[in-house]
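Each of the two complexes below includes chain A, the first together with chain B, the second together with chain C.
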Partner chain A sequence: MRSRDCKNQHYGDEEMKAKIRFFARFRELLGTDIITDPLAGTTLAALVSNIARNNKEGYDAIFDEHGNFREFVILMQNGKRVETADAGTIMVADGDEIAIFPPVAGG
Partner chain B sequence: MTIKVQKEDVDIGALISAAKTPETGAVVVFDGIVRDDDITEMELEAYDEVAVAEMEKIAKAATEQFHLLHVDIIHRIGRLTVGENILIIVVSAGHRPEAYAGSRYIIEELKKSVPVWKKELTKDGGRWVPGEHGHGAGKPGSAL
Partner chain C sequence: MLSERERERYKRQMMLFGDEGQERLKNAHIFIAGAGGLGSPISIYLAVAGVGTITIVDMDVVDQSNLNRQILHTDRDIGKKKTVSALAKLREYNADITINAIDTTITGDNLHELIGRADGIVDAMDNYPVRYLLNRVALDKKIPFFHGAISGFYGQATTIIPGITPCFECIFPKAPPKAVFPVVGATPGVIGTVQATEVIKYLTKQGELLAGRLFVWDGVTSKAEEIAVDKNEACPVCGAGTVKTNTTGTKK
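This part shows the complex of A and B:
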């Protein structure tokens, strides 16, 4: 699955690759290991939002009615936690792995 | 130290033997097991690379804080049936207070921060087990 839906966040012509990994319920609704080619300047929030729009239930599980990440959603960029409140200002970089998941429940 | 996410079961006896050093006075084993909550099976999923890295961080912190001599953490994934092992934590210490406290610390921290999810499968479908600690508003660089 590929997405070129991030043109609204387009600040340049440089093409990149990024991998989106959803887990648990989000994976069931949206799939996982999705390779995208966002344009330079795409934010984490825009990237996830565009992919999630492929499934309404999946989108609604992650974003609230205002388009903000739901409070419990956890976001990682290359294995490092990112505050969802900052996802609208952090840019996706080439080769990024973005993970989105609900609260952990191991053990 | 063995820190793994894996499908296979674990030889707990072998882990206990390997955890003993000449300085060991106590070994504590935590064995988390699939409980029969009116389920048929349990499906476990992990963000493997991050889960292992996080468990390594927890093991290191526990070792330093409780002066542990040896730590193993093995979290299973895949489809498990009632009675099967989910999580094995083996700690070795000079004395029992450190061994018990270290083991308790590891399981409690693991439940907060290690990206693993459980789905209980029932005759009518399935339900994701809700996390005890999770929300997305924590500080980056903290436990998760």
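This part shows the complex of A and C:
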């Protein structure tokens, strides 16, 4: 984490932290409550896909073959719903909590 | 009016909500869509709580592979219509209530009539297309929709109050892919019981509903969490310019 300080100089003294919470099956594959320190200017989509790349099955569960969020995935930023289609243009802010949830269908 | 027999039968829950609450249950009509994994605990708990009229709809036949979770049905019911089996079990649980068990497939054409003047709709389905239909009719009729769904050890539930909370399509605009889902019977046990609790609270005006909150159950880690859910102003079903929202006149 400290080793990144030199990069951060480009953006002043900002040191960002964001927490990623995966739910249900996503959690099994990717873990949860992952604390990351994204660079300023990181989008929600980039943040989630960077973490999800740690596990191929996890990544494939969330993203399609074009790298887009699967359309049923629920993405939340600080408890507010974000359209996954907009996740590529919304920036992560310091202290953000990002939740990614797969709805289930069975009965 | 409650009979002496009813007073005795419901004594322990009337400690919670009194004569008034019990009468509300007795006068209520609840529609349950599905007599499977979720429909089983939902219908059993609503029946024993004394919900006066229960309509339960299913089009299926009991299969041996249902028995790990669909506790309305037993070995001797294999091959019977689920509605026949459900009716028999629910009558055994509570002979004092009215049970309509309807063997049909829910469609956009028959749903309005099937639900009739029910006071609430409980989701015990296994697919999103029918859930979208149930949501729309609930909005039309301005009655609550008690959503639940499960897969494996996971489940989710929320209570939709038309005009007040986000609707089902606000929360789930896109259906997850259809698949044969794994399931251990205790999971619909957890979620169905949450849904039944919501119905009882709604009818007796107790507590705080899962309104605007998605309850998320993770049985793998035994964690229950909630996700706040908001209305989607652009929702094609309940968003501005479609169904008129109504913040008064609902039962809550």
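By our rule, the second predicted complex is superposed on the first by the 89 of 107 C-alpha atoms of A that agree within 3 Å, B and C clash if a C-alpha of one lies under 4 Å from a C-alpha of the other, contacts with A are read in each partner's own complex, and residues count from 1 in each chain.
We adopt the following convention: a contact is a pair of C-beta atoms (placed from the backbone, for glycine too) under 8 Å apart; a residue touches a chain by one contact, two chains touch by 3 or more.
Computed from a prediction, not measured in an experiment: that's the story for all the values here.
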Clash or fit: chain B and chain C on chain A?
clash
Please indicate which partner A:Phe69 is in contact with in the superposed arrangement: first for chain B, second for chain C, both, or neither.
first
Mind telling me which of the two, chain B or chain C, contacts the most residues of chain A?
B
Under the stated touch criterion, which partner chain does A:Ala52 make contact with: chain B (first), chain C (second), both, or neither?
neither
With both complexes superposed on chain A, which partner does A:Val104 reach: first (chain B), second (chain C), both or neither?
both
What part of chain A is shared between its chain B contacts and its chain C contacts?
23-25, 27, 71-72, 74, 76, 79-81, 99, 101-107
Once bound in the complex, which stretches of chain C touch chain A?
34, 36-39, 123-128, 148-152, 154-156, 171-172, 174-179, 181, 183, 188, 214, 216, 218, 220-221, 225, 227-230, 232
Chain B to chain A touching residues, read off their complex:
32, 44-47, 49-51, 53, 75, 86-87, 107, 110-119, 128-142, 144
Provide the residue numbers of chain A that touch chain C in the complex, in ascending order.
23-25, 27-28, 71-72, 74, 76, 79-81, 99, 101-107
Over in the complex, which chain A residues touch chain B? Could you list them?
21, 23-25, 27, 69-76, 79-85, 99, 101-107
